[in-house]
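For reference, chains read A, B, C and D in written order, and residue numbers begin at 1 within each chain.
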Amino acid sequence: MVKIIVGVMGPGSNALKKDLNNAYEIGKFIASKNWVTLTGGRNEGVMNEALKGAKENNGLTLGILPSDDKITFSPYLDIPVCTNMRSGRNYLNVLSSNIIVVCGIDHGTSSEISLAIKPNKKIILIGLYEEANKYFEKLAPNLIYVVEDYLEAIEILKKELN
Amino acid sequence: MVKIIVGVMGPGSNALKKDLNNAYEIGKFIASKNWVTLTGGRNEGVMNEALKGAKENNGLTLGILPSDDKITFSPYLDIPVCTNMRSGRNYLNVLSSNIIVVCGIDHGTSSEISLAIKPNKKIILIGLYEEANKYFEKLAPNLIYVVEDYLEAIEILKKELN
Amino acid sequence: MVKIIVGVMGPGSNALKKDLNNAYEIGKFIASKNWVTLTGGRNEGVMNEALKGAKENNGLTLGILPSDDKITFSPYLDIPVCTNMRSGRNYLNVLSSNIIVVCGIDHGTSSEISLAIKPNKKIILIGLYEEANKYFEKLAPNLIYVVEDYLEAIEILKKELN
Amino acid sequence: MVKIIVGVMGPGSNALKKDLNNAYEIGKFIASKNWVTLTGGRNEGVMNEALKGAKENNGLTLGILPSDDKITFSPYLDIPVCTNMRSGRNYLNVLSSNIIVVCGIDHGTSSEISLAIKPNKKIILIGLYEEANKYFEKLAPNLIYVVEDYLEAIEILKKELN
């Protein structure tokens, strides 16, 4: 009965175009499987694009938001969970996801990858920069997948979640 | 696009039979409106019964859970949001709800009613005991509705959410 | 080695003069015993007055703050713990206190009393209004003391903490 | 009036001997300046050793604990702040510190470094491994200091906090 939840993480502001595109395609794929797309829920960057990809393809979307200020909510959000915890909600993002897909890196995303390790979540890094890949592969060799693009990430999602 | 979320709060253990019945009926009504039923998510008491009422009537169910221990999850849960915050998650329950329906009282429920006041949520108390009614009506006269049964609560939900 | 921590809770804005005076005297007493005075840490109401009473009598003061905005910090604070959790920090206030003294009531204070019950903290209500006393005595008869003034509260602190 | 708080972060279990020694020496130095030593508060690894260094040199020690289970508290703790937030408390650790000293790396520490960046905290990494240094220097070039040993870290603390 319980639905599979896939977390999509990445920069809010300053996301690269390729990260946004990966996020959109991953959201679209998640929707095609009737899974739930979970992000940080704001109307910016990777968060927003993954929700858009899911929503435009009839997926169910869930956001765990740093504040309850509606102006910051993504318009592609079905279910806003409000925390008023600012960055403290990053832990909830990963704890509530069955698996995590990372599209680009910034400090918030870095905290999410780090916090996903203790609860033993698999983490798929799409085309991150070299230093991040080396660092996280050393930090959690059994949990980290590094892939080139969203197509490879989708293959891993299929394998891990079926 | 964003869905209406109705929080149903009440005792986990030690819920009275009438509170469980009210919770079930409220969950059922929420489902009939295509709103989301939000509770604390555990497989006990009012939380579980509201989710059951919603789920058995094809509603969408959301739980904000105190831990990530799957054994404690309600079987009627579609979307488990895990916090590992124990009672700290009570604030998130009310902050994420458009309106709150209370079926019976214990200390956790009491914290949820109290925490719902600052973010200005309407709170419907169904048949609570006399001391609680008097106390909360004095604490937040503009937000509290005291009603006799689930039928009255449904009338208020219709009025407030339509 | 670990210090005894006494939590003093009550309204921020809209505290009554008698509540402020009780808070000051309780803070002063806590300092005289070399215990730590814990409050919500802001520069307002009961929080601020208890810290002032402690600080002006050479006590150690600890605040668990809803935000990291320094403008909101009490000037009588030795140790600010920042949470950025807004009302979510109310749970931490009571969980970190050995015992709780309540000077006046509002919704935040009401959540703190309620949240203190599960972790089994003793709670001293000084001169609260009738509805609150009756309500909380019914909710947690084994944990609640209702007293008239700060002198009675001090007697209970002595008994419970020595 | 408000005290300076220095956060010391690093692995709980699996800390290396040199990391423990660095933590002890940093705690000792913090105590010598009458600053507060803040850690995650448990009786293990870098957390415990920094508190020990501070406490054995008459410093004031503060722990922000993942649970309220007293068995897990460091014996060198003056002030235990209990959160029951598990890894969620990592954000509070860094938000409550004026500056952060890192002695060794694991996933928890990695989340703390990452979460310290948004609130703009300076972070001193003592002798971390190569991948971590390169990664964090790229992630936050204006906030990260990489140093060889505790003596160098002390020089930076003096410069930043005086």
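Basically, a contact is a pair of C-beta atoms (placed from the backbone, for glycine too) under 8 Å apart; a residue touches a chain by one contact, two chains touch by 3 or more.
This one's a predicted model, so the numbers in the text were calculated from it and none came from an experiment.
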Listed pair (A-B, B-D or A-C) duplicating the C-D contact set, over half by residue number: A-B
Maximum centroid distance from subunit A, chain identifier (CA atoms): C
Rounded Å distance between subunit A and subunit C, as computed from the means of their C-alpha atoms: 40
For subunit A paired with subunit B, centre-to-centre distance based on mean C-alpha positions, whole Å: 29
Residue numbers of subunit A (touch at least two other chains): 83-88, 91-92
Residues of subunit D defined as touching subunit A within the complex: 85-88, 90-92, 105-108, 110-111, 114-115, 117-118, 129, 131-132, 134-135, 138-140
Of all residues in subunit B, those that touch subunit D in their complex: 83-88
Subunit C - residues contacting subunit D, complex: 1-3, 5, 36, 55, 62, 64, 68, 73, 75-84, 91-92, 95-96, 119
